[in-house]
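Each in structure tokens, the structures are laid out below.
Shared chain: chain A. Partners: chain B in the first complex, chain C in the second.
Take a look at the complex of A and B:
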């Protein structure tokens, strides 16, 4: 049966309801507390290190985000660890939870399309994460202002904004994955386990696998032909870029460290005459990470499309 | 034979007489001389005791013309008597001072020495108006020198006093505007403007001419003058100034950094200005750029650049298409005839064209299209 009318009808109702549920839910509270604690710790150690080591740096606040001190990782390190978890936690029972509670058919008996329901759930998750990230970031900057006593500059803030955008795209990928599994599996526990399994795979096993693959590829290269070695190294890099974690890490590297000029192997001839250590303009850094950003975005959209197709083909009146 | 013998005997006798001379002798090397009007004359008198016992000899100027003052000076004081040991000798100065207005003519004096039972007298004649004229001469070893305006022109000049009295010579010069001339006695370090020269002596001087840096290439004349009273000497010196080109090489706005796009030609305007004194010739441009880059100049060469002339050229910097974004140093240099070479370091910030960004937008658009297609295809109540 063809649909009549716009698929967006009821989207905002779903969006605000879901967001209210998320923000008031206990699950979110726990996540917030976790992230807040780690942010406090990271910023505190970052400030201490900065005060001791960095005399003058044009990008002090970016340093604040990226400086790590053993045993604590940097703020960025914490985020790249917690954001996938938070996204999965928000989405793993989005659809199958409704089944389990028997509320899905009740919702769909309202003048709300299925499209709008799924869109609304996804956007609500993304909005919740955006609010969370923004609050966290403002907290970090505020604490930096308090402890460092230097106001941040425009370019720093612009870079931080793109950092937030990249983090949001990364969160979107895991949110879409959680949504996909929650439509594919009827049991929320199965969906959660599957999503966390994928996350673990990319976080732990994929780097090992790509290392192995890179080693094997380099062994294949002719040791007397630098060109073939370069080709194999590029191939290994491309394989490692299949992981959203790699894309996110590369995007962060370039946007938070203005001195980064390239994300792949560089020939020494390309550096001839180069003045090293000078910051790139923001537009050039963005151009550098543009493929990564668009890749994350496209991956999120594709995963969501899969979830959407799976959801549309499902029988809801069970 | 007899005559020969006679001559020999006479000769021997005369030697014996000369050796056997006993008495006082009073003499001076030049008893008659010409002097300038108004000139003070000092004569050196020698008084000698030949074979007499020691004793005191009185001296006096017995005759002097009207108005002349004659004084005998020994040991810095006026003297009237001299003590002479046997075969002893005394030296005295006779100073003759003319009256204020002395007429030309011959004036005679007589100095007499009395003592030890002997008398010696010395007539002296001064011919006023017959002295040598005061004359100076100035000669240069190498009167024509050649060099760039920055080099020092150093002439070795000999100043000679050709008159019969000591002179205080002042040194003057006439030179084109801006030229500076200094006089230094040879082998000395102090600069002088005047110097004393004894009669008949000469002195070597170093004359150094320094000129403004922007002096045009040309031949310049310079006149040195030595003046002492009425005596004067002139010497013409010649400077052949060869010019030197000096080219200022900068970008048009003076900024030494700029943005260049990878893989494209980026024009950078440069200006040349000849601030030297000679035309710069055969100017050619080159660049030290990272490998894979290209730098072209428009025009590639300049034949001449006259002094004061300004010329604009364009450097087209084309970074390698594979250049990594960031800052690079490119050295642009200029070389020409007469050892001319200038260079400037240009800091080029390579930006990459945003063409690949469009590809990323395309990927995103494809993803959204897939979603839109899914919504259309699977949308249902």
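Take a look at the complex of A and C:
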């Protein structure tokens, strides 16, 4: 049976309401404070290290984002740690919260489809994170200007833009996951816990598992046949790419470090004619991370679709 | 044309039958009451009328529209007050309604005017800037009705509108509902509070285990269940029982000395008075409207007996 009327009626009403809720909510204040503090710390150490080398490095600002100094991780390291948490925090009670407050049947009795409600919530989460990221990024650049005294170059800015885009795609994955759990679990606390569980799994246990798997795979390879070793190494790499964290990390490596020419094992023959250490142009770096970006995007779409299907099947009453 | 019409409407949850083969027609401008014990299918029926739940079989028409096929059109014209109405506690009453006007797609100026109108009408204008989390149950309920009116609906569907209200608040709320009828809005409401339903409903439907067991005006139901729609109390001289019973339209007479309770199919006061005066003095004559409570109690007694 065909439904009549656009599924997106009311989408922007939901979007703006949710976005206003997020931006004014206490939850966001806490996240902002957390992210801000850690970013400040990371950038401070970054500038301290870089001040000595100003003028020697063509990609000063990218270095600023990626330089880590024990015990502090880099700005990028902090972000990849906090972005999933922030996304989950924005989404874990999106649907079950409406049930709990008894607002769902009232909202759905207005002339909108469920599509608009769910997608509006997703977009609002994404929009909120985009605002947050942009503000943070501008802050970092501002601090860089202040302490380093050199303006960023055009290509650096372009690379930073794609870095933000990749981060947003990564955030979209966790946002969609939070949304999915918020439809599957009636208790917001359960949904939050489940989402954080998945995040912990991919942040901590998955790398251990892939390391073990890679070790086992290499043992199976014929030690005298480089080709079989390469095959096994590639296989291990592919397994590790099942995690959104790996995809994101790879995308960051390539887009923020112009010297990176490949995201997998390279044969020495492939380097023939290459001038080692010369930076890749942006377009080549983008080509390199294209699969990672689309992978993240597809994962977000898949998770959102699952949430959508689950939500469509649910009864309006709790 | 009936404003709400269902044909063979059925909803099953797995093996649980929530609503079965419902045939109902609610006319324009009518106040219709859905009655029935807990779990008898009232809320499910309402959700199907709004397109919020898909029927297993049968079909519904609201204002001539199919709620499954054209839910947006139906929901733009039908106001709904859920049984557990909830609002965003961290927003004010005004902001909550503003969100609804955005979902309705009303332009800014129109929205502001309508919000003021409905808030004033529900007596909430003074507290418009208070957070809804600080609202009492009665205020929430009135805010819910305000939201229903925001749409300028042609049909209002209210699920247990007086649930949890104190008697005074409930009475006030019923007055507001009567106001809707005066405006020409068709009202469908569900309730357990029978005397309230009786007070405001033109017709009622009695649900039992998902089936519509009885349908009609309270008098019609009384006639069917109690055997007489009108109960007339007569105080006159003793020994008139036979004479009363001989009147056409009298179903049953209970006599106690000079006091009689006459159950009749229509208002027989003039005839009863004539009979009584012809044989002696007449001290009193009163028509007691049959109460829905009695109908309800009697019906379920009979059902229990039959089972």
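Simple rule for what comes next: the second predicted complex is superposed on the first by the 312 of 318 C-alpha atoms of A that agree within 3 Å, B and C clash if a C-alpha of one lies under 4 Å from a C-alpha of the other, contacts with A are read in each partner's own complex, and residues count from 1 in each chain.
As a working rule, a contact is a pair of C-beta atoms (placed from the backbone, for glycine too) under 8 Å apart; a residue touches a chain by one contact, two chains touch by 3 or more.
Please read all numbers here as calculations on a predicted model, not as lab measurements.
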When chain B and chain C are modelled together on chain A, clash or fit: fit
Which superposed partner A:212 touches (first chain B, second chain C, both, neither): neither
Touched partner set for A:189, first chain B, second chain C, both or neither: neither
Vertex chain A, arms to chain B and chain C (CA centres, degrees, nearest 10): 160
Which of chain B and chain C A:242 touches, first, second, both or neither: neither
Which superposed partner A:30 touches (first chain B, second chain C, both, neither): neither
Residue contacts on chain A - larger count, chain B or chain C: B
Partner chain(s) touched by A:10 [first = chain B, second = chain C, both, neither]: second
First (chain B), second (chain C), both or neither touched by A:113: both
Three-chain overlay, closest Cα atoms of chain B and chain C, distance in Å: 5
Residues of chain A that lie at the interface with chain B and also at the interface with chain C: 1-4, 113
Touching residues (chain side chain A, partner chain B) in the complex: 1-4, 7, 113-115, 261-262, 266, 269-275, 278, 280-281, 283-284, 287-288, 290-291, 293-295, 297-298, 301-302, 304-305, 308-309, 312-313
Contacting residues of chain B [partner chain A, same complex]: 288-293, 320, 322-330, 347, 349, 351-352, 354, 356-357, 359-361, 363-364, 366-368, 370-371, 374-375, 378-381
Chain A residues within the chain C interface of the complex: 1-5, 9-10, 13-14, 16-17, 21, 25, 101-103, 105-113, 315-317
Chain A-facing residues of chain C, complex: 43, 47, 50, 52-53, 68-73, 75-76, 78-80, 82, 84-90, 99-100, 102-105, 144, 147
